[in-house]
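Here subunit A shows up in two complexes: once beside subunit B, once beside subunit C.
Right after this comes the complex of A and B.
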């Protein structure tokens, strides 16, 4: 089942053939073989991170994972359009965005293993820790963009969310606020067809990008499995935001080919037939076909990418297994920025309680 | 000393904060040209401009969520929620995002946001304009919750809240907005933000109140005094954290405790204070801790609110039971 596929922007056909769209071609005219290989490389590594993490979950090393399988082009294409000062507000599936922003892959499983609620400093990589409450981050991106506007900073923010999130009030409010204040936000909706078991048709009776019209926000519909098209339209939207022209809405039409999370059972709500068309549209095989057609991907480059992906997966695996449980004292840290008598009291009580076991051991 | 009412005290406090720190921004519905429906932000947009005092679209989650984004960018937003009963659409942003970001990021990100909420009843308003949501917020780790009862505290505590690096839910007793008192606008605050204050000393029983109920408790104490009972009245001022040292010291001397609030009794702040007294002052108590509160009903129509809200007579009636040997 493929909803809402009436001619989105596409620069690569599923068989790797290049489509000429002059107005979008010019947005990626600077790309050459090196950049093409690099985009492909990021997608391959992102998928390998994903499969490594799923394996870790199946082995009981992490509690949960939200696979990005199938969404590599949407995430890599958009994230590679960002400049260092831009700020990305992500949900729980944007592992490739985090990777492209420079977050070390080794820390991507921290949250899922239960070692912390975050894995990195958002201000170090200009990407937030994953938002779990669906759609909340759209408003945060809007507020940040508003602040940047007040600062006179020529940056953009990008808010990542799925098709399900467009049913949330916070996304509607974010679109309204961003439009009113001409905030430099790119609303990047990965329409991955499914909100857990609910098809996108349950979220919207019209193409999702049409919702932007009601707010006076320009929008793009893009083939989300085409990394070049995603890169092109995101570059356009970010430039629009940075120059102070306000928000843009991008609907990247893609498919979450795996489960919602590792706890999910997609066989209950979709069939192999549903997925066959999407497998044909796989973002990585498409880019590979393009590279092969152009003779860009030689054996050496291909082997190097495979090795790099295996290396990242091995590092992720090793780091996950080696990540120690945080000490119990961290329970009480950072609840407030300063002293809070209740927290101090409970911290001390808990410390004494734990110490009582040491005393018992010493006595026995 | 200047005689000002609570609205003017808050307005002056906000003005001083805007002057002191360019990162302070005010955002809410009608806070600009109108100056807020209670005029707490009167003339601030005129003097500081639309980039410092921002009229926002009608959406509470949007206001708080946008403020959160501004805070991530380094601003110190002050949100105005127009009425207590309208804060619920913003509840998720307050308790799931604003309250938790410092803990979630292991101290790397702060959200110094002040969320002003005119609270409580007693002004003859329609539904959703008279609620007491303090327990919801005091129950949430990561938030600080304060509730001044008079102009001087309003003036100092709004400035202290804005300077606090934690998010602060700042409740304003709307039925006391027009009460006036002398305030030294050039003085430094006499108390830290989270200290309670003994507003009337007495020896026979301790009455703990906050917000609009402090004046009611003092009224009851005046009457009790005529009847020969000397009540100590404590204005809690901060609901999270609670200054239990001040409460405990008083209860140990008087041996009797009554907690007064206009929020419903069940699982209200009074329950926490009573539990604390039972745990920490058990051997000093000469009578059970009693509560005088609003009833456990939805806020009633205005013509009935006089029966719902604690008044001096209900406090005195309860004190009779506590003071009986």
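Right after this comes the complex of A and C.
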């Protein structure tokens, strides 16, 4: 199961040429032109969602956004490997994962606009809302995987996190616990080179995937900008989890080409030269080159994808601008699944506080 | 046709302003939605500002290089249609708030009650001074010393003509020793200047005396205490404490202190860890003078013993300096000849 760690799995070269590696080729042998186009489409739309959200932040319509620019293949490739019953636990950057799980793009900005604690029902799409606490979702995923196993469910759980999160106690605990209890969780680390302003070389003296060895967890290293390789490797890891063989660790080597968040200025800690190298390995350009080499992407399909991306961006924009501020009382909803005396008491106190104002406008 | 204004948003989670570095568009340009119109630099990042409107630029309201408060309009754009929703009245983040003048609270609900009202002014003044004091990193050193000789000296002075009707106590001698010892340790009579990162030594000693009065703790000070004779110092302490207890201390005597002495011994305790009077580098604490068994020349004798402590501002004074200073004060109280030698 342990791959040659020093040579990441790659099925597409940066110029779009297909690399043959039989043990991984067979994992995506079912893909045809329709699936290739579909993967490309999801990546293009994900990037368009991302740029639209960044613009909305710059225009003061949302408070913050963590751009995924450059990580489309890692997210789309892995999310598309999931089956409907699998469950994804995400950090704050996995917008493409949420999109691929079927979350309507219109709600992706809700939490960042500050008008909702939870933009969608996680159980409806089997993907959590963004976890802001770095690494916390690793523990949630491990617990969920163990619970699913105890229930006898043949599903896989995947935890998304970054290279920086591997320096967090939560991820260390999750890896230790998952290994001990053989929890069916895939630890999907997007090594995007930067933990905010600190390079990955400072996070780990070894390749990140080597860290899994210490826990006795089999690991993969994959070219995270190669959507086919990510899909293949994640499928293998998820199958491993579903069959009850325990956790695996995937290090998807990619690059966060934009800022850490819209509040960050990456030019203060890295040079544009570094980025030039990564732009050459752009995941969308690479997949497009592959499609063009095979003559799969015709003008009609290309235009349809562009139109669809613009349409999603427009819908996201309008939905964001039109999202009403929730009434303050929603603060007390969804704290517990059922009635709770303390919450009821606080809700009543808050109602009395609001009633003490003269103006009752927008106060319900 | 509609004219829309774009107000500078909070670009980075709680910023209040940003510099408009340069415009990327000119008046008369036709621009598209999300087209970059300007480069803006906040405290956190240099970013490109995309237009929230499509249309024609009619006004650029800010000069390049200007610092713009969040919420201020920066550009006017004439839009082709009114399909674009109206801009929100309140920006996300810390933009200008909509007027809530009508949102006055009719009655303020009763909150938790402490027993009684707010603490009296002097208590609040003490609370404020002690909170301010806590900003200085401070440390304390102790010494316990045999002051039998000083007690003998005080007994003689009390019976002498010049000290008639003047209270002369261990505090008087401790104060005289303190101001005298400062000549050898000028760093304890200083103020730490945060801005310049240096210790500013005071040319004179304004000696603060902590006084417990009915109006709470007061620390009036004696100006140029280092120039006063023991008699004048005793007289000044008498006047100062009497005035303070009567609640008549004037402002000049309550400000400008440079070093303080506190006598907790009058309350019967052995000593304490005092807190600095804000702005000062040292405070000397005098415990109760009690008869104790004490080793003198290898034999246990009954002697008058006192514990002294000095709390010091550890930014400008180090432990050795404080210890040497306290040792000198203690030596003067142990043997008044030492005090005499330093006068």
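In this text, the second predicted complex is superposed on the first by the 325 of 364 C-alpha atoms of A that agree within 3 Å, B and C clash if a C-alpha of one lies under 4 Å from a C-alpha of the other, contacts with A are read in each partner's own complex, and residues count from 1 in each chain.
Following the convention adopted for this analysis, a residue touches a chain if its C-beta (ideal position, glycine included) is under 8 Å from a C-beta of that chain, and two chains touch if they have at least 3 such contacts.
Being a predicted model, the structure only gives us computed values, none of them experimental.
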Partner chain in contact with A:145 - subunit B first, subunit C second, else both or neither: first
Partner chain in contact with A:14 - subunit B first, subunit C second, else both or neither: neither
Partner chain in contact with A:199 - subunit B first, subunit C second, else both or neither: neither
Comparison of subunit B and subunit C by subunit A residues contacted: B
Which of subunit B and subunit C A:104 touches, first, second, both or neither: neither
Which superposed partner A:218 touches (first subunit B, second subunit C, both, neither): neither
Intersection of the subunit A residues that touch subunit B with those that touch subunit C: none
Interface residues, subunit C side, partner subunit A - complex: 6-13, 34, 44-52, 85, 88, 91-93, 95, 100, 102-109
In the complex, subunit A residues that touch subunit B: 116-118, 121-123, 128-129, 133, 136, 138-148, 150-151, 157, 169-170, 173-174, 176-177, 180, 333-338, 340-343
Interfacial residue positions of subunit B with respect to subunit A in the complex: 25, 51, 56-57, 59, 61-62, 65-75, 89, 92-93, 96-97, 100, 102-110, 141-142, 144, 164-166, 240-242, 244
List of subunit A residues in touch with subunit C within their complex: 51-52, 55, 57-64, 113-114, 259, 262-265, 267-268, 318, 321-322, 352-353, 356-359, 361
